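Structure below; questions to follow.
Naming follows writing order (A, B, C and D), and every chain is counted from residue 1.
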Amino acid sequence: MVDDLAARFEHTVASEARIEPRDWMPDGYRRTLIRQIAQHAHSEIIGMQPEGNWISRAPSLRRKAILLAKVQDEAGHGLYLYAATETLGADRGELTEKLVDGKQKYSSIFNYPTLTFADMGVIGWLVDGAAICNQVPLCRTSYGPYARAMIRICKEESFHQRQGYELLMTMMRGTLAQRDMVQDAVNRWWWPSLMMFGPPDSESSNTEQSMAWRIKRNTNDELRQKYVDMSVPQAAKLGVTFPDPLLKWNAERGHHDFGQPDWDEFWQVVGGHGPCNSQRVAHRRKAHEDGAWVREAAEAHAAKASARQDGAA
Amino acid sequence: MVDDLAARFEHTVASEARIEPRDWMPDGYRRTLIRQIAQHAHSEIIGMQPEGNWISRAPSLRRKAILLAKVQDEAGHGLYLYAATETLGADRGELTEKLVDGKQKYSSIFNYPTLTFADMGVIGWLVDGAAICNQVPLCRTSYGPYARAMIRICKEESFHQRQGYELLMTMMRGTLAQRDMVQDAVNRWWWPSLMMFGPPDSESSNTEQSMAWRIKRNTNDELRQKYVDMSVPQAAKLGVTFPDPLLKWNAERGHHDFGQPDWDEFWQVVGGHGPCNSQRVAHRRKAHEDGAWVREAAEAHAAKASARQDGAA
Amino acid sequence: PADLAAYCLMLGDDALVLSQRLAEWCSRAPELEEDIALANIALDLLGQARLLLTRAGEVEGAGRDEDALAYLRDEREFRNVRLSEIDCGPGPGGDFATTIVRLLVFSSWKVAQFSRLRGSADPVVAAIAAKGLKELAYHRDHAAQWAVRLGDGTEESHRRMTAAVDRVWPFVDELFRTHPVEARLGGVAVDPAELRSEVDGVLDAVFTAATLTRPEPVPTAFVAGQAGRDGVHTEAMGFLVAEMQHLHRSLPGAVW
Amino acid sequence: PADLAAYCLMLGDDALVLSQRLAEWCSRAPELEEDIALANIALDLLGQARLLLTRAGEVEGAGRDEDALAYLRDEREFRNVRLSEIDCGPGPGGDFATTIVRLLVFSSWKVAQFSRLRGSADPVVAAIAAKGLKELAYHRDHAAQWAVRLGDGTEESHRRMTAAVDRVWPFVDELFRTHPVEARLGGVAVDPAELRSEVDGVLDAVFTAATLTRPEPVPTAFVAGQAGRDGVHTEAMGFLVAEMQHLHRSLPGAVW
């Protein structure tokens, strides 16, 4: 019986069809998916902070509106993704507890500080760009609700990426100080954005099973190469350079050669000692704890209201 | 016996000599003094807030240093004055409780907001100026510790007043925007500073006994007139006007005629509904409550340390 | 036209400043759904502010656009009521209850104002009001739902709502004071004194459902007759303006 | 001279930014005596900052005075260590314990630095160091006394001190990292790496008396090798700078 189910599951996955919530699935698949989707959801939620940091100081009302709407979209992405984990039997409250207790991770990129408004553009262009590279393949991932969430998210992310790039274009047409600000932001975010694809394949674990299950579809290095190839012409068009002396076109490979990020810094940040790790988690924990009385009151009121309705009925 | 003591007290006061802490004094004298000095102490402490409001935003480092030192002096004045109440048997902790519970008052002027940096100058010139007018006579008040505290305080207040006036002079020599800022601040603070002398004598109570005890030495209207006469030439020198169409020199009286402040506004503010009353008291209460654990820890540590010393001895 | 420009600034600053305050909740709300809702409300108000400031600049005719008005005026030139600027949280200035009570009062008042402004003799103001009214009615309903949930929720939430009402109420009376500019703009502007009974009615209904007591407004003193509409604000306003404007002012001539 | 100017900015910004933070306590301290003491320390640091920024401007030779340097640089141009800028309270960013732990670490480090700088080849820096050293030693002793009182006070104060150490410690390692400017300025500057054992000794003694455990510094990551000394700050810094500079920037050409 289980063998039948397992065979059907394998077949569905191998034929690039979708697993749906009511279908049988192996426990490992379920657990891996919950962890992966939850981390993605957490990343959206924590990712609100570095950009939220500039809403109150946005330099024009139009940019303020764009930024606020973008951060709001991230909250929305978090919601879809938590909903996807719930189709797998996870509990959003528990996942949130794991986040605020530091027991589940989120994308390390959000442990870097946003220091100027140009960072808003560069996060759109480079960070959202890297996220899209990572996520586009997941639109064809084997788990239906996740794939559908990713389709919607990728669409919105592309929109954000264009907005970020447009901000940078505008700034590059502005004053010298603005152009310097853009280049400075690119210098600070380039390496962390390369780190978003994870460690080199040689040091990455767990990839094989995830590839087989079609919940990961490319290796870290493949995606990183694709991202670099995509970003170089965009940088040229913008008029900025990447802070990598080794970066150059390799006609033979048909790809760009490039240097390696500082993997020590990467592991330091992953290990909880990035520039903003404690701040990000403390911020989320505070919001969660400060809101506890509100959530309790809403529940208490709902219970009262339904008791009154029962009484009236 | 008590008659003897009372007679000696009356004689001391009438001869303009000083009553000292160990001398006999009537209960009413003690109570009135404690209340008056405490209110004065509270005013110094609450008065730190409207000026403290601009320390972080002071427009030059020199002005930042001057302002910080001034607010620090106000804390010092508060300390001397609380110490004077302690010579009368009052407890500083209890007086603080009365302040933060809204049971004792402080000078109503501090319930107005400071809206521009020119307010720092105008508070020095007009508000400290009015305070000095009120306080100079108290340097000869009958209670020794109070009189000595007032001498020291008046000296420092005069220094602050000169600094405030100097800031305004500098600003008046600056840009048009700065001159407008000074005039605007004068417009906002002139009437409240006239209110600092209290309601018109016709509506003021309790004055007679305090005059006899030499803890009040002039009527409200006398001091207000003196203040107006003093301030008019200073305003002319500065190049600003007071927002009072009735203000003009009366050669016959040898004094300036002037209009009346909006006494309804005055009573509204005294009654607790000024622009900043709740804010000021809440600010002080929060500082007091947030500091409770520190004061407790300091006591606990002192007790431990002295126990250790006793054990060692 | 000076009066009309001033009036548009009053309306625009009300929206701009409250939008700035609500956006402070971004990433700090009690739950994700509410983070989204508060951001939505802040966005609506920001949209209204942009239209109104743009209109103020057009009428003024001195070439100031929405950004010049938002970023290059000093605190004393902002014309919003003090209710929109006070710090109602997040942070030590308030909490979610205070934010809800302020939003409830503000949006109930604005609904009454904007529903009349749809008939303004200024066609642009009338159009902005017609569009904004739907948004504001949603804001009011959202705040009312929370007020009921929190007022009639737990003991703690009821206590917090009571404290929130105490915090907000001193700034309510100002909403209904007629400013000389409003008095002179009959047909274009709405006299806020006329809004009182409608707003009281709405608040009474919500407070009853929320098992809360609506206090009578005890007015907070003006300064020689001036308050928010004359640029005489609370001390919180200067910090809000400093944070909002610093970057814009730091890069004169920049293009965004 | 570019290096010397940069070095004076580093030292000056350390003092300026911590002074700004400490002045936030004004009217908010746990008792009046401490309000006065913290204001005093803030004033001392402000005085040091003014001398050092003035020296930086002289050496640079581009006509910038202390105010041009304090008010017209952007966040990315400030050279202070991150320890001086983090929010240690009052307010939700910290509490009195956090303020004391930061002050203890900062002033112990500065005492070690300034005592060596008295022998700097730059006579102005040497003179500023000689004058500042006495002040800093007082700050350190004041912080140490509080650290002992609070560490060895009540259960709550001990708990708060432990949390304060956790909050502050990630920013300690940066204090001892040699910056290229410092490396190039032998004889003029002090190599901060040399200060570590002296500072550790002071902190060990205080922590022991305070019944606290001194953690090993776990460095907070730099950004591609850069941190406070290169203008790569924490996110708190931008808000501090905005508040500090807004008025000055709002009135170009004004005289104060």
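We adopt the following convention: a residue touches a chain if its C-beta (ideal position, glycine included) is under 8 Å from a C-beta of that chain, and two chains touch if they have at least 3 such contacts.
Because the structure is a prediction, the values reported are computed rather than measured.
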A-D or B-D, whichever has more C-beta pairs in contact: B-D
Approximate Å spacing (C-alpha centroids) for the pair chain C, chain D: 40
Geometric centre distance via CA averages, chain D-chain B, whole Å: 35
Distance from the mean Cα position of chain B to that of chain A, given in whole angstrom: 57
Where chain C touches two or more other chains at once, by residue number: 74, 92, 242-243, 246-247
Of all residues in chain B, the ones touching two or more other chains: 57, 286
Category of the chain touch graph - line, ring, star, complete, other: other
Pairs of chains in contact (touch as defined earlier), listed by label: A-C, A-D, B-C, B-D, C-D
Chain A - residues contacting chain D, complex: 50, 53, 57, 111-116, 184, 187-188, 191-192, 243, 262, 265, 268-269, 273-276, 278-279, 286
Touch list for chain C against partner chain B, complex: 74-76, 92, 167, 170, 218-225, 227, 232-235, 238, 242
Contact set on chain A toward chain C in their complex: 45, 48-49, 52, 55-65, 68-69, 71-72, 75-76, 78-79, 82, 117, 167, 170-171, 173-175, 177-178, 283-284, 286-287, 290-298, 300-302, 304
Touching residues (chain side chain C, partner chain A) in the complex: 16, 20, 23-24, 26-36, 39-40, 42-43, 46-47, 49-50, 53, 66-67, 70-71, 90, 95-96, 148-150, 152-154, 156-157, 160, 243-244, 246-248, 251, 253-256
Footprint of chain C on chain D - complex, ascending: 74, 91-92, 239, 241-243, 245-247, 249-250
